[in-house]
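Dropping the structures in below, format is structure tokens.
Below are two complexes that have chain A in common, paired first with chain B and then with chain C.
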Partner chain A sequence: MSDLRPLLLRRGPLLLTALLLCALPFYLDAFWLRIGLFSMAAAIGAVGLGLLSGTAGQLSLGHAFFLAVGAYGYVWLAGEPGPGLPPAVAAVLAVLLAGAAGGLFSPVAGRVKGIYLGVATLALVFLGHHVLLTADSVTGGFNGRSVPPLELGGFTFAESDPELTVLGVPFGAEERLWYLGLVLFAVTWFTARGLLRGRPGRALVALRDSETAASVMGVHVARYRSTAFVVSSMYAGLAGVLLALSFRRVVPDYFSLALSVDYLAMIVIGGLGSVAGATAGAVFVTALPLLMTRYADQLPLVAAPGSGGGSIGPTEASRYLYGAAIVLILLFAPDGLHGLARRTRARLRRRPSVTGPPGSGPSPAPGRAGSDAASDTTARAKEHTP
Partner chain B sequence: MTGFLDSLLNGLALGSVYALIALGFVTIFKASGVLSFTHGSLLLLGGYLVAVLHDDIGFAGALAVAVLVTAAVAGALDRLVLQRVGGTDPHAAHVQTIVTIGIDIVLVTDLARRIGGDLLPLGDPWGSAVTDLGPVTVADSRIAAILVSAVAIGGAFALFRFTPWGLSLRAAAEDREAAALMGVRLTRVRTVAWCLAGALAALAAVFLVAFPAPGLERTTGQIALKAFPAAILGGMTSPVGALVGSMLIGLTEAFVAGYQSDLHVLGEGFGDVAPYAVMVLVLLVRPAGLFAAKGAARV
Partner chain C sequence: MTTPATAPPALDVRGVTVRFAGLLALDDVSFTVAPGTVHAVIGPNGAGKSTCFNVLSGLYRPTAGSVRLGAAELTRLAPHRIAALGVARTFQNIVTTQGTVADNLMLGRHALSHAGFAASALRLPRAVREQREHLAKAREIAELTGLGAHFDSPVALLSYGDRKRVELARALCLEPRVLLLDEPVAGMNAAERIRMTEVVREIRAELGLSVVLVEHDMGLVMRLADEVTVLDFGRAIAHGTPGEVRRDPEVLRAYLGTTTGEDAA
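For the complex of A and B:
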């Protein structure tokens, strides 16, 4: 019993968040659930890219390609024309396929570094887009293909079959996929954090900071680089599968360079090298245009879609905002939303011990409180003296 | 045979326009270590200015204004935004590269909104005229592209070789710290490099949208991305490499498009993506490009 309380205290916020996320489908309508679904898919992909670009320091603009491999891989493997495998098997194979595609690129990914890799991966996006357009029999060409719903042991992630009503709430495709997305996201979250905090993560950080030093310490440079690339493409493949399931139709034009840039923006806005940051960035970048479109008529300076005449539409407004967000965040908070949150939390934690009555708020360890309070007061004194 | 000559001339014209853009990439990279993703929008800005102004002040005046304004915008972006990002972080150049993506998104969104769905004519003097050169017929715009690019590239090489700025640029590319200690003003060198790259991009825009292309549209800027393979092929730090890479890319694209009927296995429109395939093949053999200087790493 005495062991349980500190554990609960430490894990409390996480458990609470998980509970909250599980409860949301009972309160939100399909529009919000779709935003959530797209955000979860984007977060999975962004975490993968974060491993590569944030931790290993390799710039990749090819993420859209691996998302496409995952999405189209699933559609082809599970659908007609195609082998028509059981959808669950197809989903797993699609993720492996994305990993294999990353592995095929590893002769380049293992040797080319940093900015060079960024441009080399541009090739993947353009060549991939070309293949998606021309290989009609597999990809359906310009018009794309519709996505067969996922089926798991007789349970279909679609509107019906079986009909399902939980606590008076009818469970349609969005509600079912929401829980699937949550599970996949949880898997991503824990595996990525495990990787980052373990030996591979430390090796990659060493590699990023100095290639020569890392190789002297026994890090196999080319192998770690290409492994990071493969793992990152597998996360992208998983994100692709989830995206395909939520869109219910895949088209080539979605998987363009702009999508790759979106993913890069997510991890930069969130803060490089952090799983939580990548998630926050993914939610921001995904939800912003959808929300702007929905509430266009209530926003100042933004015209409703289709009103034309050189006015700023919601899509454009959200692109301005998000381009500016990249620039401003890197100008003023180079460690992104994650760093911003950490600094705010540190400041909040210190404040009660200075201003509040003793005993109010969570008081930090006694030894640290004194020195923190002292440094805080001096910092404030400096702020108020100019 | 005429098909071959046609493709050759098309390739050379295309290559010389890519060379203008790739030379800008290389200049910026040498001066600052940044890969400029802003070039698409600079190109679009240059083209847009010519399209808007040519009615009032004529094509030559509009081009001059466009080149100057684009150069000034590029220089200002570097001085006011990029140089303030990253500070003394050893990865500052990477961070600045990502900032150029952000800037590009804002600029392209704004220019695309102004252009809308239109095709803007640039009012260039060569229009859709053609010249017969022996067995082949060439669009005047292609000839103009080759000639003007040759002059501009020659001018840029002269700048690198004979001016104090060029000397500073080469010194900075060789060893930033040593150059700074010798009194090279790195901030000024890189701002001038951005100005030069902006001017070259505006010039390239005029030929990219000239006949037989239909005119300036909102997606014109994306063509700048094709100069990336060109610059990477050459090794990013070598102007000669950029020139060779651009020609290689231009010729590849023109020949694949010219002989498309024989290459139908690769699918329609493979010419547009062929440059990237060439780049991947070269990077497999030489991961740092064709003309890259061998660098020694110090710990």
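For the complex of A and C:
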């Protein structure tokens, strides 16, 4: 009994958030739910990229490729033409397929370091895009393919079959997919935090900070680099599957270099090395263009989509905005939204009681890896003074 | 922390030569670290001491020669394999990773734990249990090295001396049989030096491991070392107990820059 209260206090915010997210489909219309779905899919992918680029320090510009492998993998495996597997099986296989694709790249991913890996992965995006356009029988070419809905034990994640009304709210595709997205995102959250706080996470942080120190402490450098790449690809594959299900149609042009850059923007804005940060960044980068498109007519300086005439469309405008956000974050909060939130929380906590040693908060800050960047640099500068 | 049941095997360095392009960094260096002793490697700047450590820990592959720990030949192994054999080291310039002292010490437990990506991601009971056990060990080692109060503080906020100690504690977390200390008291003030000396003496007595020590502080070397090897321009110019080495004319020449001929004049 005595254990229950602190546990509830600690888990309280998480439980409350989960409850809130579960209740949303009863109040929001399809437009908002779709934004949520895309955000959840992006968050899953961003968490994967954060693990690779934020925690392990390995830049990847090939994330769009692995998203495509997941999305197209699912469509082909579950669809016609294709093996026509049960969709649930196809989804699992698509994630594994993305992991396998990452594994095939591991001879490079295990040896090449940091920004050089970024350049190497750049090739994947162009290769992938070319294959998507030309391998018509599998990918449907330029026009893409429609996505078969997911089906789990007779329950279809689509408008009907079975018809479903919960508490007077008709459950269409968006509502059903929302819960699927929540479950997949919860799995991502749980596993990624387990990884980061466990032995592999510490090894990856060590690899990023000092390859030499990591190796003399017993970390198999090449193996950890390539495994991080594979795991990141699998998260991308999962995100790809969820994206495909939400879009209901996959087209090659979506999986371009710009998408990879979007994902990098997400983890930079959110804060490198943190799961919560990657999620916040993903929501920001995903939701912004959609919201601006929706409210283009009410915004100054932004033209409604399709009006043309040299004015700035909502998509471009949102790109400017998140470009500006990146610049601001790099200048004023290099540890991203996550670091900003952590520092605000620490300041609020310090105000009522001035006592207490630094760094002894009641709960360890989530995803410590990306934190303390600012204080680090100041402290490290002193290192070499004799 | 458990004392190893058996004494550590001897570390045998035979004819190690390291050549960087035209530069001969180590020239046919040989010495043996007897089990359970403190062996100091000293010499002027640029004598090849750190190169020697990099060979021992597998970061450099020597051009010729062998390094044996018991029956294992170390020169053919990757650094992480050498770590797994129980050879731990610290660095001359502090190399810690981001995060708390606990995070750094837990990195030292890496070679002794097993939880992989899948087990950690799914938080399998054995991974959780393993992490808890190793965290307890790490805390013990933090207490032993006087870092107990800082266990959950970010390393970046610690003083220079404390960060040096984090490195030592991290190396100890590997439960090494051979501990390589690269200038453990460099840049420390007198009080910190005395504390560090005490800590090294204590861990050696308590854990019975062999220590290889690179240090410029002759006071520390004389107090701690059982045996000393002197390097100069990559060559081993003298071996012996601290007392013997201190009187060796070659050593005096290397350190003071005088020749015996000039001495006579």
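In the analysis below, the second predicted complex is superposed on the first by the 351 of 386 C-alpha atoms of A that agree within 3 Å, B and C clash if a C-alpha of one lies under 4 Å from a C-alpha of the other, contacts with A are read in each partner's own complex, and residues count from 1 in each chain.
As a working rule, a contact is a pair of C-beta atoms (placed from the backbone, for glycine too) under 8 Å apart; a residue touches a chain by one contact, two chains touch by 3 or more.
Computed from a predicted model, the values in this text were never measured in an experiment.
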Touching partner for A:Phe142 - first (chain B), second (chain C), both, neither: neither
Touched partner set for A:Phe155, first chain B, second chain C, both or neither: neither
Contacts of A:Pro107 with chain B and chain C, given as first, second, both or neither: first
Partner chain in contact with A:Leu127 - chain B first, chain C second, else both or neither: first
Contacts of A:Phe31 with chain B and chain C, given as first, second, both or neither: neither
Touched partner set for A:Tyr295, first chain B, second chain C, both or neither: neither
First, second, both or neither for A:Thr212, with chain B first and chain C second: both
Intersection of the chain A residues that touch chain B with those that touch chain C: 210, 212-213, 216
Chain C residues within the chain A interface of the complex: 57-59, 78-80, 82-84, 88-89, 91, 93-100, 103, 106-108, 110-111, 113-117, 119-123, 127, 130-131, 152-154, 156-157, 160, 163, 170, 174, 187
List of chain A residues in touch with chain C within their complex: 190-192, 194-195, 197-203, 205-206, 208-210, 212-221, 227, 231, 357-360, 364, 368-369, 371-373, 375-376, 379-380, 382-386
In the complex with chain B, residue positions of chain A that touch it: 57, 59, 107-108, 111-112, 114-116, 118-120, 122-123, 126-127, 129-131, 133-135, 210-213, 216, 257, 261, 264-265, 268, 310, 312, 316, 319-320, 322-327, 330-331, 334
List of chain B residues in touch with chain A within their complex: 35, 81, 84-86, 89, 91, 93-95, 97-99, 101-106, 109-110, 113-114, 116, 222, 225, 228-229, 232, 236, 266-270, 272-273, 276-277, 279-280, 283-284, 287-289, 297-299
